[in-house]
Amino acid sequence: MPHLKMTDMNKTYGATKALTSCRIELFPGELHVIMGANGSGKSTLCKILAGSVKPDSGTITLDGRKVDISDPKAARNLGVSIFYQELSLSRNRTVAENILAKDLPTRAGFVDVKAVMAQAAQAFAPFKEVAGDGFDLSARVGDLRPDQRQLVEIAKAFAGDADIFIFDEPTSALDRAQTEAFFKELDRRKAEGAAIVFISHRMEEVFEIGDRVTVIRDGESVSSASLADTTRDRIVAEMVGGESNTGVFADPPQAPAPGKVRLALQDLSSRRLRDVSLTLHAGEILGLGGLHGQGQSDLLRALFGLEPTTGDVLLDGTPIALHSPRRAIRGGFGYISGDRQTEGAITGRSIFENVVPIHLFKSRQHILRRKTLQADVDRVLQILATRHGGTGLPISSLSGGNQQKVIISRWLMDDTEVLLLDDPTKGIDLKTKLELFELIRSLADKGMAILLYTSEDAELLANSDRILVFNNGRIVRELAGADRTRLMLTRAAFEAA
Amino acid sequence: MSGALKPILIAAGLVVLLMIAGETVSPGFASPEQILRLAIVAALLGIVAAGQNLVILGGREGIDLSVGGVISLSALVAGNVMSGSDAGLFPAILACVAVGAAIGLLNGLGVTLLRIPPLVMTLGMLGVVQGLLVVARNGIPSGRAAPVLSDFVSRPQWLGLPGILWLWLLIGLAMAGLLNRTVFGQRIFAIGANEGAARLAGVPTQLTRMMLYVLSGVFSAIAGLCILGYSGSSFANVGGQYMLSSIIAVVLGGTPLSGGRGGYTGTMIGALLLVVLQGLLTTLSIDESGRQIIFGSALIVLLLFYGRSRGLQS
Amino acid sequence: MMKRPFLRAMPPYLPVLVILICMFALNGLAEPNSLSAYALKGLVSTYLALMFLAVGQTLVIFAADIDLSVGAILGLVNVTLVSLMQALGDTAGAIMLSMLLAVGVGAACGALNGVLVVILRLQAIVATFATSVLFLGLALFVMPVAGTPAPRLFWRTFGGRIAGIPFAYFVLAALLLMIFLLARSRFVQRLLTVGDDQLAAFQTGLPVNSIRVRGYIMCGVFAALAGLCITGDTASGDPNVGGLITLNSVAATVLGGAALSGGVGTLFGSVLGALVIGSVGSLVFFLGTPSEWQNLVQGLTVLAALMVGILFSGKARA
């Protein structure tokens, strides 16, 4: 008998159906993977189980008994513990306080400082070795690196006596050693009989540690199977539905004949960059690879004037100083961040208002001529085949992928010479990802020079004409032509590390 | 659009209802003269609220607590510069605007360059301005409004309406134009909605935000000038009552304190609503305590219609 | 990125402590008598109310809320207390009972704020302003005009001495003990966690709403305690006594290193912040500043202190 069963779960947000009669069964001692494109409802399902989202309808049974999970506290009392993708940490509290936030040990109403430290040390013990420099149980969480924060969130999820654990993309910021320490702990919990729900976009991981997999598509559970009985291709096919859209994982493109040199960097250095030199041609997509956080994003941000640099930047052969985003925009740079909510979408404003700002800035206008602009806005949105119900609607009415298209379209109102893409497809489902990369390729074909960083190697390989591998702020290897393979990329990333 | 219109319509409906209620309880409440008087008081509040509105729209917890101080100071300065003569009106206007802009600029610099939370910065500035007021009042005799200014505020002039109502209408049109038809307006909404994204989209976020505080200072200064015209002579702390009521007018008009959406049309109605409510309470023959209790409770009930934030659980 | 150990180990109230010491030093330079036992006692008893108020304000600000009605609560408690004492007689028992009831009034005011802001989800700034109008109205209802005197026993005790030590110091010691205990309580730790990131705290399974409401109630209680102090200091009832003190309580809290965005700060820092505001006033006085300039100098000094405090704590936190 399954330990936990969720059946017929339904949830709608406004007009969007997030879950439609979705179901899942969890057995003790298994690691159950949930796979699905973004926006397919995985996170919603997990949050319902954890009590932070209320379902419209559906039944949850625990050991055959129907239960009601009204809020996170109720979930906790039932033995459900969750790792949140967006983390649930208090930045100004210490690591120890965060790990034990659910239940700070007290004596007579006062916090028992000694017990806090002791229990936190115990909870963090499995990750102590891999936490890295500057980690301390009494450090402020806000002072930690992203991977360290993620470890704290993991330790927080494990703390206490739950027997159902939910991990929603727990490894995105972790390095290999940290991931392995985490997997070891997962194995230990499994052996103790815990049921684990695991969400990940990384296929290797899924096959490495998963026991069973449930695929969700458009809010419906499509299949449940033992991972031993299925294949990567089959899961992908189930995730995307009828069409076999494996293009994101396709072979590297044929490099086009290089156009003239658009951008040349000479010994560019910054807080995180060391003597970066490169040339970027018109019509080229130049990929930035390597382990996460080795300077790829920092280079893009530096070029957009967000970080001070030394060294020379030549645009079309002319030196250009990049002190601020406004300078960079005037110079012909465009920047698209994967962090749509904080750096991309002007949330709460209309699609129209999200398309025009770059044009307004470049054209030095002061009066807003809505009618005149409308035609241009429609034109660029059409290029991107953006589905929307009218440009007056708020941008938040669109899916993540379509929001990103709107943000890209900003840069198409006028000529943009160099497009800096900083993990542009983060959190976007496979199908829309494909569309976005097709679009990016078509922009390159029209002569735009593109620097691309993505956190997924497969995407990088499938879409870059050349790849520069970064390590610790330096370019350590260039991969071109037939060298653009997963093996070469992984080897280059790791051998220098 | 209907979403943005709803609070305005509710507020406008309430204004009408209150007028009817007032006329029922105390005949004459909705007489033309009385309506005109209430409209003038609402215009005074509305002009202050225009600046408050801009600062709040700009987000990042934007708020201006120094408006009351600026109003008082501006009224004092204006009274002295014109000291009852029409010839002094123009220099007085210049002096007021300069004072308001200077204080607004300091607020703006503190909020943008030093990144001091607006509530703290403008609160500190309020203390400074109140200190300035004491100094100024001691050094110079309290002045009087120029007759032309008093007429502008309280005498029906064009089409039976006093100049100040035309001024308010003009400010209303200008604000609507600024917010919806200019690039600057777009930038206000953009920094209010998402400052980080706005910056990456080429918006000069610091400059824009600074301008909002300058404008708020200027609007308060203009209001101070008009208030001087309304009361005839400058007396202590005329502006004090405008600090929180200008914020409430903005919120009742459908601009949430979180910024990034809303507009001035609603704020105008919000100002009217507040003034009519207060007028009604004054008309009723109840004592001060009863008036305050009813006014406070009414504000709470009104706020329940607006500005409710979202819950944590979806 | 990691901070230098010095900055990490720095107690959050260090900047305000430095400012306070500077203020006292300047006071001493300007007029040695300003540091006399008599002057210090005067400073403490005058600003005890602000200290209590600042602690209450800090509790709600910890949770990223704010309470602009504390001054009005203080006024309501002041007139309620004086009226009760007048009605119940001036025996020690009656006075104790009146004080207890007055604190209950403060708690009830706080509870109303909590319900409006937390349960009905009104914006804190405007909602607590609206309740402050209501509380002022209630205060005017209880006592339409200022001036009813408090019983002699009450203000004589507050202004007097026990075993040669001014009573105000006992109250101060009690306040310090309270904040010492509060700072170590799970309640305050949870307020800070909620203020740091409400959604995260909710997802962690903390009863966010109940914690915030309790924060408002405690704030009401402290405002009431401040009301008791001010009654002892002024020895009479005045419905408008809370006029400007609300904004000072916010200033004291910010001076003390608490962030309006929540999750940061110490109660002790806010008490020091209240003392800074007090000592600025006395400095301006002892410097022999012409009386009409005193408010301006005081305003400028508080503004400068606020800026210094924020810039310092901002650097340490960033």
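Chains: A, B and C, in written order; residue numbering restarts at 1 for each.
Criterion: contacts are C-beta pairs under 8 Å (C-beta built on N, C-alpha and C of every residue); 3 or more make two chains touch, one makes a residue touch a chain.
Every value quoted in this text rests on a predicted model; they were computed, and no experiment measured them.
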item: Identity of the chain that, by mean CA position, is farthest from subunit B; value: A
item: Pair exhibiting more inter-chain C-beta contacts, A-C or B-C; value: B-C
item: Chain centre separation (subunit A, subunit C; CA means) in Å; value: 45
item: Centroid distance [mean C-alpha coordinates] between subunit C and subunit B, Å; value: 29
item: Residue list for subunit B, restricted to those that touch at least two other chains; value: 312-313
item: Residues within subunit A bordering two or more other chains; value: 52, 71
item: Contacts with 2+ other chains: residues of subunit C; value: 199, 202
item: Residue numbers on subunit C that touch subunit A, as the complex places them; value: 1-3, 8, 181, 184-187, 189-190, 192-193, 196-197, 199-207, 263-264, 317
item: Of all residues in subunit C, those that touch subunit B in their complex; value: 66, 68, 116, 120-123, 125-127, 129-141, 144, 198-199, 202, 208, 247, 250-251, 254, 259-261, 292-300, 302-303, 306-307, 310-311, 314
item: Residues of subunit A defined as touching subunit C within the complex; value: 50-52, 71-73, 75-76, 82, 84, 87-93, 97, 101-102, 104, 106, 109-111, 133-134, 139-140, 142-143, 156
item: Subunit A residues within the subunit B interface of the complex; value: 13, 52-54, 71, 304, 325-326, 329, 335, 337, 342-349, 353, 356-358, 360-362, 365-368, 370, 392, 410
item: Residue ranges of subunit B touching subunit A (in the complex, touch as defined); value: 1, 180-187, 189-190, 193-194, 196-204, 260-261, 312-314
